[in-house]
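Each of the next two complexes has chain A plus one more chain, namely chain B in the first and chain C in the second.
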Partner chain A sequence: MRFIDYKNVVPKTVIGLLVFLILLIPVFTTNVATLSMLILSGIWTVAVMGFTLVLRTGQFSLGQSAFLAIGGYTSAIFTVKLGWPFWPSFFLAGMASGIVSLLVGMVVLRVGNIYFSIITLALGEIVRIIAQQWEPVTRGTRGLILSPPPPIILGGFKINFEASPVPYFYFTLCLIAVTALILWQIGQSRLGRAFAGVALNPVLAEHQGMHLMKYRVIAFTVAGVFTGLAGSLYAHFLTVITPYVFGLWQSIQIMIMSIVGGISSLVGGPIIGTILLYTLGDYLTRVKTFGIQPLLFGAIVVMVLIFLPKGTGLVDLWGRFWTKVVWREEEYEPDTPDD
Partner chain B sequence: MPPVGIWIDGLIQSCIYMTMAFGMVLVFSILGILNWAHGQFYMLGAFVVYYAVTAAGIPFPISILLTGLLIAGLGIMVKKFVIDRVQGVLYVGVATISLIFFFEGAANMIFGMEDRGLSMVLSGVLDLGSFSVSYQKMAVLVFTLVVMIAMYIVLNRTKVGLAIRAAAQEPTAASLYGISVERLSLIVMGIGCALAAMAGSIMAPIYPINPFMGGIPMIMSLLAIVIGGIGSLTGAIVGGLILGFLNSVIAYYLSYFSEVVLFLLVIVILLVRPQGLFGAALK
Partner chain C sequence: MSYLELKNITKEFGKLAALEDVDLQVEKGEILGIVGPNGSGKTTLINVISGYYRPTGGEIFFNAKKISGLRPDQIAKRGIIRTFQSNVLYEGTTVVESMLISSYQQYRTKNWQSFFETRTWKDENETVVGRVIELVKLLDLLNDTFLPAEGLSHGYQRMLGIAMAMIANPSVLLLDEPTTGMNHEEAMFVVDKIKKINEQGVTVILIEHNMKVLLDVATRVVVLSFGTKIADGKPEEVMNKQEVIEAYLGTETI
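Presenting the complex of A and B:
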């Protein structure tokens, strides 16, 4: 597994310019379809970032959509059934999902590897079945109808969530920014290196005095919290939550976006992967050929895994573009360990 | 106590889970990876047999064998073109998971989304007083028994079986003794996929056929493997039996929540005995 240090590769001005352009998108277009596609892909980005963090510790979770569902349903139940305001239930959604991931992680990460994938897959199905069958609370397959967040009044300026998707756009950007900042800090810090160590050689890491469980559980819990927040936002944006939007299919989709984007960068990879694949998926659903979307997604992942091996993904191309084309440096030769 | 029909249904389900879990464990023991797309080979098997019987008019038993051969070839291609070319065990898992998407999408595009049904090949019912069993279900049982006995003979009485067992225990040492682990893994991949496809084709007259039918058997056989212990063939058979019976018996009492109970049961088993019922200690 190799990680690119973008500090030295991509100039900060380029990244700043990109962020600035993204911030200006609502000025250029207020088309509801475009904006909602961007918002939804932003929400998926947060979930994908969480998945990538877990993958960094060498475990792959097939139940990330369970946390989206837990977040979404928590905030839906608290706002609709108990009449709570939006903001407390939004944060409660993150907390609930974090607590579930902490408990599940403490139980399952002990065995790790394939067992972890199978159990998280099972968890995803459990959550979906409960959401589908617990009629009195979740209204089963009919789903819960939510209202958008209340308007925020800043001085004489009123941010109204009901009128247009623009506030949602900035809200999603804020969520991505917070997630990205925290994950970026984790990636930079000792914790991030510990994750890589745990993934690279668990036995050696354990012999160096690193508590495997601790790092795996931390990664899984952080991922759970942010995925829960994303799920809450997802439910409030769509204003309806049904069990069908969270299943094995969605979990695998999260995995695919993460792998295609690349896990060598905790922030860039998920953003690139999600935006590309979400746009492609959105386009493909409009083509009236059923099954072309999963077919292409599957093929793309296999291609990416063959030609950009070991999870370097598309973000590696971006790094290579800067090192080789712009800076004309030597071939980037990382020390890859044998496994 | 649930009625006898429930137990018979459980037995039929366990037959399928057993066959699929057996193939998965066989592949796992040589290749060291789980083939997550196993359920999709089951689905493809059902489709191939459907078209072989309805479009080509090949008799059902022969078309089951043909399906096995065809899907074995597909499995070998997957091994050659996907599994061998992807680096890192973790990413091979990811690649086979995305093959789930690939095959489901392909089946969806080629065969369409609607349910299909193959008409009963063996009509007639075995009447046993208070309950009855259709011959079609008996065929599933007989098929599974035959497959299991055949696999037992292959693994224990033939040279290939000896090589498979040796390579599963110690690949390096086995290759020092002149066993081509590479070729062996192709054979094993073929056998595993053929087992899944034949399980799907024998079930084709009983259950509706659609591109998404592979999901539940795949999840169930994964759980069976976890119960029995990853890498243990006996474990796969016993796990499949336990799971099939539990699934239908608990479903009799709890309907949809049976799956939740099963998943929780598996989690408890993992906690108490992480290596499964028959597995060696975890590495």
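Presenting the complex of A and C:
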């Protein structure tokens, strides 16, 4: 029966091995271009995870790039303009982005659905326009120049962010790991079930005691916090932040990456989708075929929707939220006659 | 004041009054039957009690506290759970998954406790799974436990609807035509289960077209016609009332 599959969708040993290999990547290559690409796709992965979490409450956000921007600009403004150190600015970036998503969510998620999509789309544009127009603070289209995080001294060992991208690589992995851990825990908790209920049938869920807005807001806020942190890392890694990198196209890319990866898993799907499409996009940019990227991405989404509808639709995918509980059910041997 | 009390409840859709000045008292532990021709306002009554619609006039009290104006989830939290006239399911889930989503109110564990997988969460999970099995057995869904809910026959989807409402922990259960589309045998099975549920201490409000069924199960019957209450009393008495017979003429055979 299919619920047995859920127990170990990917065996723990395989996950362990994969993590181990990923950790070793910098041993095999210190090529700046390769590592940069992995770092950037890792940063986008976090944003895609956030998007996927929101999608699993049944809501389509078309403005996740806004939170990358809020995170990035918060971090930039506080380190550059106000002279704050990196770490407090980094965490403040997550908080600022989280607060904005909380406030926006509380206003829009009461109605949700198409209104939510439209308002988040508008939010993305508003944030970009503010970044462009608020010259004294953001320096408009010229952007802000940031410095990398300060060196970390670990037992006499100095980790220097200026010398190579390797420290960024591990930093990004840490961020992904923390995000993944939290999403996993959400998935197995009461929250995961409530998310499923709210997404699969809001009317029914509401009549069973689930406060629709509460769960939508929780998902959107968690997504906001981590996307903000990713945005901060993004800005510090690139050492420059301009309004151009945060727009509707970026939000749509996040959506496409999520759909291509499949929303059946909150972690695996986003990782696969992002690495696949980020690598492809990066390659297309390098061979200078700018116009073709949106077309190709669109075509990929259509293909995925046609050939893997179950991997992308909201249905049939919730099982993995429940692994443990459904598995326990086995012990009751439901097929034996009773009474 | 009664357990559940509706005072002058009115619900208008534009010019149409689906409910007009309805007064209703429900006592703890009873099985109250509600009958009436098509369009007489039965479903609207459940929609208004469960908070799906706000009444345009009047007030509703439960346990002496006002509940009209609250959201559906707030009313559900106070223990009033409803089913739907059509088969309303969690798309794409199996029976057991539907039940587990619906078990939301079984838990006293807080969200954060379940996030950290505390002892209480694990213990409570086992209790809830036990309760799920109990209900799945009660409503004859045991062999379908791991099958997709949408694949069930109409009759079994109706049963699942009741099972999901029960796992949501009701003190008052509002059933909107649970036996609709069932043959006599299936209907009698459901009626039997409703009695069992009532014996577990759940107050039941039952919308039912079939008078025979109501005579069998209801402790009291209320008749609605064009949004107003035209009779309220013991099933046998109500059935013989002239107004009731008239209300049904041409629309329904008794």
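Observations on the model:
By definition in this document, the second predicted complex is superposed on the first by the 301 of 339 C-alpha atoms of A that agree within 3 Å, B and C clash if a C-alpha of one lies under 4 Å from a C-alpha of the other, contacts with A are read in each partner's own complex, and residues count from 1 in each chain.
The rule is short, and it goes like this: a contact is a pair of C-beta atoms (placed from the backbone, for glycine too) under 8 Å apart; a residue touches a chain by one contact, two chains touch by 3 or more.
This one's a predicted model, so the numbers in the text were calculated from it and none came from an experiment.
In the superposition on chain A, no contact is made by A:137 with either chain B or chain C.
With both structures placed on the common chain, the touch criterion links A:305 to chain B but leaves chain C unconnected. Using the contact criterion defined above for the overlaid structures, shared-chain residue A:33 touches neither chain B nor chain C, since it reaches no partner.
In the superposition on chain A, contact of A:210 is made with chain C only, not with chain B. Of the two partner chains placed by the overlay, neither chain B nor chain C lies in contact with A:17. Once chain A of one complex is fitted onto chain A of the other, the partner contacts of A:296 are limited to chain B, with no touch recorded for chain C. In the superposed model, A:129 lies in contact with chain B only, and not with chain C. Taken together, the two complexes place residues 339 of chain A in contact with chain B and also with chain C. Taken together, the chain C residues at the contact with chain A in this complex read 50, 52, 71-74, 76-77, 81-82, 84, 88-94, 96-97, 100-105, 107, 109, 111, 114-117, 121, 125-126, 129, 133, 136-137, 142-143, 145-146, 164, 168. Listed in rising order, the residues of chain A touching chain B in the complex are 55, 58, 60, 62, 107-108, 110-111, 114-115, 117-119, 121-123, 125-126, 129-130, 132-133, 248, 252, 255-256, 259, 289-299, 301-302, 305-306, 309-311, 339.
Contact residues of chain A toward chain C in the complex are 1-3, 185-186, 188-191, 193-194, 196-197, 200-201, 203-212, 313-319, 322, 325-326, 328-329, 332, 334-335, 338-339. By the touch rule above, chain B contacts chain A in their complex via residues 34, 82, 85-91, 93-95, 97-109, 112-113, 211, 215, 219, 222-223, 225-226, 230, 256-257, 259-260, 263-264, 266-267, 270-271, 274, 282.
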